[in-house]
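Please find one structure pasted underneath; my questions will follow.
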């Protein structure tokens, strides 16, 4: 079962209008080659779930500048002025959610849980329209699971079967999204034979990964 | 900040009647020296949260045979006849919960979440007395977080600050419990200097661990 | 050929290339030996490994590499260690393609009871409730009747349920039965077994289609004798 | 000494040996340079590292080792990489001893608004809502007034709240104020600052105890001139 594909082949699988989870935090740990290829293939009307809007000319900022994003679900867009401009001009829909809530919502989606009970957001505008659940006298917001058609994962090393390792703060949302995409495409910096990554070093087990993008970064 | 203590010192901190989370799965990955020391110091009326009751003469079976356990919260006790005997004789209270639910309840306790929404147990006796929450037309059981006075962790390597690595299936519940104990005592097989365990190999970050039991296994 | 071998052989045909599979203790662990050599199937053990392999040769056992029963196992090159939360995340999150596990009772709704006999045997559910509620497909692999010929496929479970979710398939030494919206459909009989024999050994109502197939397995004449 | 230095110096006194601390962007990142050398404090960055260290020397930067703003940082020997769920598990689960972050407004209930100005500046809340809701202690480190002298410590927040949970302490260049059940208590004034000056710069009601201390920090005369 060879999961390797070229970057172009990987992106060809993604239709216009797809929902995408994109790993990375301010571009650190994002799958940069896949992002560039999405721009090259001019994918349209994307819904993107990502921690942030990237930084100018880095990370998913490329998708936003190319006007490919219909809706962005993120925690912070302050370092990308263009995303704020598009939001205020009504050109891109933006849903802002707390970072810890986003992490758990994605995890709940990938782990088959019904939702997340968190005190984050209680008593703020984040709570508007959401169910409040009381557990032993304490109030929690019910936050729903997040999944996506595709999860695009930036990894450090992969083996040919798709076991993934990450490096330092490039890990961030990647292992969570790798559980929550219906199709998971990983972009590692290196691909190594099976057995090179010890079992205890694997962060994302191979069974989560559908495709591995070939070629060094 | 030296967190090293002798095994005897570690166990002296645990009072009679304490609630303990004990890592391990059928004894694999359990903190065996701490368990033996609990028996030696004759701690009484313990509430123990552990995947199982161990196997005869292995793992927490020692605590049960020594009659130190007032209540056991576990997923499976089938490999330890003595635990079934004590349960049927009314000598030990046993609460059986599904394994995946136990994992998430412990995680929720350690991660500060209000509970777990799972379809596991819906329509079975596990659901008795529990709140059912509907999310987008699907029903989920609300399972409450679990915490404990102490988490007793079996690890492979620790550094002097308490970063922990685990080996293969000895990992199991240990990293979850290391988040959910009010006091966390780790029993590693080896203690190494800081920096020997690479940041990406750390499974339990040092900030979770209060004490490290000295001496090789 | 003994009952268990027939069951394991037939279940093996349900495994597809690339599947992630969880096997319950006992009979289900016999399945891998009957896999066609051309397909690659991965085994998960819920205690925390993806890429389980058969028990290693004597002297190569490792105390930290066991199955959910605590028995020594091996690992394929490229296996992955996972904690209990991730292990059940794979199960609940739809990443586990197939689970094969034993049963005490299955009823006309396709519901399974397999974790306790009140007042008699209370081992606990372990991971069974999560697995039956979460795996993409669940196959119950069990003998058709209990000791003394008492039916295990019955109108309604009398023992506590494992899940409110219907199982995908029942494989016994006599038959392959598929729970559907309409009820239990008899899909196959074992070589040499008649539809009437299956019906006689089953107290649940069975739907008998016009074409009930024979299990496509090779029953060795010598062993069957 | 400039305003920010006074605030950072005073906040530094709140950090205890062994604390796990999260620092917001901007002013809070100045705190570590004023830590007493005898205490060991660990820094978490919510993007995924425990054991953050100062920015490395030129040429030693690593693209995969950054803070939450994407800027290069270092790591202590024995640092730990964590994913975003574990990062916020530490925050929400009571493992984070202290968070220091900036503020736009704090009110008489001790509630903080620091993540948006509707119609004007909407960067998003990032991790601030989780941090203020979850950290054991939250210190707001901010200038006492906005540009033009407009009070930021006010009767009731006009901007969207960051959390319904009260913050632990407010540290400005003029004062240290503690939100309590009774209201905002003026604990300290900066060297050379009078209680009256603090009251004048604050539109919220302040409770003034009999003994208002002076911040125990060394204000360098030359820099203050």
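To keep things simple, chains are lettered A, B, C and D as they appear, and every chain counts its residues starting from 1.
Heads up, the rule we're going with is that contacts are C-beta pairs under 8 Å (C-beta built on N, C-alpha and C of every residue); 3 or more make two chains touch, one makes a residue touch a chain.
Every value quoted in this text rests on a predicted model; they were computed, and no experiment measured them.
Engineer: State which chains count as neighbours of subunit B and simultaneously of subunit C.
Structural biologist: A
Engineer: Check every other chain and keep only those touching both subunit C and subunit D; list them.
Structural biologist: Neighbours common to subunit C and subunit D are A, B.
Engineer: Computing the C-alpha centre of each chain, which chain sits at the greatest distance from subunit A?
Structural biologist: C
Engineer: Measuring centre to centre with CA averages, how many angstrom lie between subunit B and subunit D?
Structural biologist: Taking the average C-alpha coordinate of subunit B and of subunit D, the gap between them is 36 Å.
Engineer: When the C-alpha atoms of subunit A and subunit B are each averaged to a single point, how far apart are the two points in Å?
Structural biologist: Subunit A and subunit B have C-alpha centres separated by 32 Å.
Engineer: Please tell me the distance, in whole Å, between the geometric centres of subunit A and subunit D computed from their C-alpha atoms.
Structural biologist: Between these chains, centre-to-centre, one finds 30 Å.
Engineer: Could you check subunit A for residues that touch two or more other chains and list them?
Structural biologist: Residues 104, 107, 111-113, 118-119, 166-168, 171, 199-200.
Engineer: Of all the residues in subunit D, which ones touch at least 2 other chains?
Structural biologist: If we look for residues of subunit D contacting two or more partner chains, we find 49, 75, 81-82, 85, 88, 91-92, 134.
Engineer: Could you list each pair of chains that touch one another?
Structural biologist: Going through each pair of chains, those in contact are A-B, A-C, A-D, B-C, B-D.
Engineer: So in the complex, which bits of subunit A are touching subunit C?
Structural biologist: Subunit A residues touching subunit C: 1, 107, 109-113, 159-161, 163, 179-180, 194-195, 197, 199-200, 202, 205-208.
Engineer: Show me the residue ranges of subunit D that touch subunit A in the complex, using the header's touch definition.
Structural biologist: Contacts found on subunit D: 45-49, 62-66, 68-70, 75, 81-85, 87-88, 91-92, 122-130, 133-134, 160-165.
Engineer: Would you mind writing out the residues of subunit B in touch with subunit A in their complex?
Structural biologist: It is residues 104, 108, 111-119, 133, 135-136, 138, 140, 142, 144, 165-168, 171, 199-201 of subunit B that touch subunit A.
Engineer: Note which residues of subunit A are touching subunit D in the complex, please.
Structural biologist: 25-29, 51-52, 55, 58, 74-79, 84, 87, 96-104, 107, 118-126, 156, 166-176, 203
Engineer: Can you list the residues on subunit C that touch subunit A in the complex?
Structural biologist: Checking each residue of subunit C against subunit A gives 17-18, 20, 40, 42, 44, 49-51, 75-82, 85-86, 88-95, 134.
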